[in-house]
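Chain lettering (A, B, C, D, E and F) follows the sequence in which the chains are written, and residue indices restart at 1 in each chain.
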Amino acid sequence: MAERILVINPNSSLSCTDGIAAAIAPFAAPGLPRLDVTRLPDSPGAIVTWRDWYGVAEPLCRMVESEAADAYVIACVSDPGLEAVRTVTDRPVFGPLRCAVAAAMMRGERFGIIAFTDKSKPRQRRALQSMGVDTRLAGTIPLNLDMEVLTDPVAPRARLAEAARELVAMGAEAVILGCAGMAGHRAFAEQACGVPVIEPCQAAVTQAILSVVAARGAGMRLAAE
Amino acid sequence: MAERILVINPNSSLSCTDGIAAAIAPFAAPGLPRLDVTRLPDSPGAIVTWRDWYGVAEPLCRMVESEAADAYVIACVSDPGLEAVRTVTDRPVFGPLRCAVAAAMMRGERFGIIAFTDKSKPRQRRALQSMGVDTRLAGTIPLNLDMEVLTDPVAPRARLAEAARELVAMGAEAVILGCAGMAGHRAFAEQACGVPVIEPCQAAVTQAILSVVAARGAGMRLAAE
Amino acid sequence: MAERILVINPNSSLSCTDGIAAAIAPFAAPGLPRLDVTRLPDSPGAIVTWRDWYGVAEPLCRMVESEAADAYVIACVSDPGLEAVRTVTDRPVFGPLRCAVAAAMMRGERFGIIAFTDKSKPRQRRALQSMGVDTRLAGTIPLNLDMEVLTDPVAPRARLAEAARELVAMGAEAVILGCAGMAGHRAFAEQACGVPVIEPCQAAVTQAILSVVAARGAGMRLAAE
Amino acid sequence: MAERILVINPNSSLSCTDGIAAAIAPFAAPGLPRLDVTRLPDSPGAIVTWRDWYGVAEPLCRMVESEAADAYVIACVSDPGLEAVRTVTDRPVFGPLRCAVAAAMMRGERFGIIAFTDKSKPRQRRALQSMGVDTRLAGTIPLNLDMEVLTDPVAPRARLAEAARELVAMGAEAVILGCAGMAGHRAFAEQACGVPVIEPCQAAVTQAILSVVAARGAGMRLAAE
Amino acid sequence: MAERILVINPNSSLSCTDGIAAAIAPFAAPGLPRLDVTRLPDSPGAIVTWRDWYGVAEPLCRMVESEAADAYVIACVSDPGLEAVRTVTDRPVFGPLRCAVAAAMMRGERFGIIAFTDKSKPRQRRALQSMGVDTRLAGTIPLNLDMEVLTDPVAPRARLAEAARELVAMGAEAVILGCAGMAGHRAFAEQACGVPVIEPCQAAVTQAILSVVAARGAGMRLAAE
Amino acid sequence: MAERILVINPNSSLSCTDGIAAAIAPFAAPGLPRLDVTRLPDSPGAIVTWRDWYGVAEPLCRMVESEAADAYVIACVSDPGLEAVRTVTDRPVFGPLRCAVAAAMMRGERFGIIAFTDKSKPRQRRALQSMGVDTRLAGTIPLNLDMEVLTDPVAPRARLAEAARELVAMGAEAVILGCAGMAGHRAFAEQACGVPVIEPCQAAVTQAILSVVAARGAGMRLAAE
């Protein structure tokens, strides 16, 4: 059977799911694992509160138990349920926030986060603490926009550009889009602020590709030079 | 012109270069950037000493100045000359050690490194310090083998397996192969120790792919679900 | 209405709930808040896995929403659902692990934890990281006993004493009982190892008393000297 | 003989001693240890300088040697002589600053301190360093008022409120009153700034109660549910 | 043969070399090691870029191999090539930036750096990381002046004074002159800002003197009191 | 009047004072500040306990107030009273432990301490915490010998050599003699363990020389090359 990476949006927003799919589509290629995007039925419209965050862990576990894949991405930039999901499968499970931080650190020593809302900050702080890199956070700036506004191709851009620039002024050498719903604005934000802007689902999918392709084993042959 | 990622082995070992090429070959795919592997002419047979490490910075700068690419990987697991090379191009430049640490941290909270020699340790310590994650290093175990022995498909395996297992006993939840010359032993080492084993050039190439593909801009379309 | 502190055991073990009640009973006194102990209906027999840990957050929120109190203690030494519960009440909510760490740090600079099982460690690591004191952990030693064995007045004592002594040898200047089910063994463990042994529910209840009594306002009168 | 906790004000200010006694009085209750407050004869009017701080260590040792108690609190928010006093008794000795920091960390991840004077800061920094939590200090704001002004029920309040609010703006999720002389203003300050305000002598006395009551041994009986 | 300390300016600026020599001259004394100052032929006019920084490592190694001394100082406040030079001699090699940080920390807990240019910052960050004291940096303020302006006895002083004062306002309790070319302005800067100002070549030379004199062996006699 | 550095042994041991004088004698030279060694009358025979440590602060302040000097060294490797003494003079005051740590860090990234007794460790921990480098301590090994045995030219050497070697095995790249009474054994210990051994009074005196000579002002002239 073909390799596949299952990308699960733990919220029920269609526009958010579409944005995730669009963001990762360019990483699908012949010979690489198939990228399947789905969303959690009956989940909140966005992961806004700690209660949302805790609440999606169990449904995520159940979906992963019932859907075989070679690697999983929990496509929300607060990495909900990550540790729980890891206990129900022996395949790798990736959190986009952690993967985005890892990618940002490949481009600079300090990074900033454009957050979905004020309430996102403590959850993101936990992920940074689990990686031991909380002192590398230059700052977090929340947009406090509705998911449907955020995923609009135009509406949130002025605010996004301003936030990205402000983070650079605070010392960020790379900027992380703090919600999967911002995926369609990556290139715009990068142009606006002049430092690399990381889209977390893209960062997570490439980590997932690394894990699946590397796992094919030692039977590789020299192909280049 | 087609996108390409240039992977530069800063040592002159042919078997090491071949191992790098073999390790990254599976990440080449239609629609993704081409992966070109080269080596630095007139460079040492391996980057063993601090003097080697400092010495390849300038030749690396010159090669990058003369070879256009969309992203560069300096394919030695001590990230030599990284900061200097970054000043001669506006394209992203990746160090495999940092990328491997980032990938390892996506799989566990503490990681270990199987080092080329005793002398590798202080250089790797610098890279960990620059990322701020030196406290997450469970341990480093050097193999102290010649490059040509290391790249042999059989010779170094007993020692490698032992080192990987010892690192796990020291608390490593992921293991990093500390030299590009060990690339062909990844799957073997993983089987030996039971935790994810990261091959740094693979980790760096996927970060490079992320940077190049993401940079294509916002003109993506929904492709999945 | 009289002040009260609600202590909620998030598991369904009766012997564990009894042990918690016995441990905190001596802190009940006329003029101080009443201490009420309850347990979460339909909860697991013990919080053993990450899935258990995530799963009790929502039932805890619901219980706190429906049971008025002046302060709440979530009586499990992995502080499950703490952040979520804090969003559903404006009264203070305490996690026994964090409170035990705070109390241990009042008695020494490094502390050790006797854990319920091997699986407790990563959850406790998160709480230490959230307090920023993970480097002060001298070590964690799991007992790996069933809850009903653990709450037996005799059965677990030899193993508990050995673990406490080993933690002291590892540099612990105070020892934390890592499960509410160990509450009845505090004095025994302290005698066995010679350094202060902290029972987390006691530590949490005194923090809760502090918060409730201090909140009575400024209308205090000089009563002593 | 009845259990008692001896609270020693290491300065000679009567109004400061009265304030301490008033602050801790509500924690006295039948069945709990008696709370006795005293002050060090011939001590400075306030612990303002490093010289004061070093100087009270020996008199504190002598008082503790001559006054039996079940636990001691050194009632100055710079924890003077703490390590020395601990060597002259086998009973627990508590420092209010450390206890206040511990209590503050139970209510938020970052805290601020309203300091007595500019000169308090380096001494408080030492205590935070000894706990390993200096990075959690959001800020310190000194009032620079005389002890007799500080203990006035009205005079210092405008300044106190302003300081508390400013600390919240700097990121403090809890505020510590940095001098025992501010004890009477706790409720006022909390109302002014909207986050929990910790009075250190209260925090220390509850830690002392925890240590004395817990030490009664294992002979507890189930009392609740 | 007489003991000597060789101080190597890795840039080719004559005025900078003269400034270094003047700064360290007062530390030469009968009975102590001779202080010889030289500069690296064919080196850049100043170490401004990462490429300069990497590039001087090999020439420094060659000079140290060919010039016997009892200790070496690499007289540039970015400590270029330090680890490489240490591998070509068994005598101590000192970097002025690290020595200045060490000296600054003997005078206060936080320090600031007046940097040569904006580009100096990341190199200095590496040295602080290697010492583990990057959190003690209150701030860095670059002057962005040419080397020949910087070594002028008058031209850069207004800017220098302003930078020193601003660093004190940022919390610096000692200030480091971030380029050997500023050596002649130490006393001026100290007077301007009121906290100790450290000239790194002086700091390095005293560390070198310590290492050489201490190494004379145990044959000392009581000489004082 | 001639510049002088006053080195105050805060204990009353004659042999210890002699050892200090002998250790620093080689740093006295024409043109440099005179080095005067004295001891605190009526002080303990050694600073062994926290009570000793706190107790000498006030007598040290009084001596410094009555003895003019250009810089002061408190010649005990636990830096007693340092902060207090700094408030009674505007001249620099140095602690040998901090200066030794600074010197050790100029020779390697991790260091070990040979301590006077078991009881020295918590005091040394405070000094390391105040510098923020406690994670760089590879280990501490106490000798637990009387001061008069320690200062004997032969008696303590076997134990000292063993301790130094053990610290190197623990990862120390430099070793600090943790008591001024060990001063006469520096060269021996260095030969025994093969890494630099730092004598703290020598380290402090060179920092003091740096501060006094640098303070002479800007009127220097080029003297070398």
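The working rule: a residue touches a chain if its C-beta (ideal position, glycine included) is under 8 Å from a C-beta of that chain, and two chains touch if they have at least 3 such contacts.
Fair warning: this is a prediction, and the values are worked out from it, not measured in the lab.
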{"item": "Chain whose average C-alpha position is farthest from subunit E's own", "value": "C"}
{"item": "Greatest separation from subunit D - chain, by CA centre", "value": "B"}
{"item": "Between subunit E and subunit A, distance of the C-alpha-averaged centres to the nearest whole Å", "value": "45"}
{"item": "Rounded Å distance between subunit A and subunit C, as computed from the means of their C-alpha atoms", "value": "34"}
{"item": "Separation of mean Cα positions, subunit F and subunit E [Å, integer]", "value": "24"}
{"item": "Centroid spacing, where centroids are CA-atom means, of subunit C and subunit E in whole angstrom", "value": "53"}
{"item": "Residues of subunit E engaged with two or more neighbouring chains", "value": "109, 122, 130, 132, 135"}
{"item": "Touch list for subunit A against partner subunit C, complex", "value": "49-51, 53-55, 57-58, 61, 81, 83-84, 86-88, 122-123, 126, 129-130, 132"}
{"item": "Of subunit F, residues touching subunit E in the complex", "value": "17-18, 21-32, 35-38, 92, 94, 98-99, 102-103, 105-107, 109, 130-133, 135-136, 184-188, 190, 196, 198-199, 202-203, 206-207, 209-211, 213-218, 220-225"}
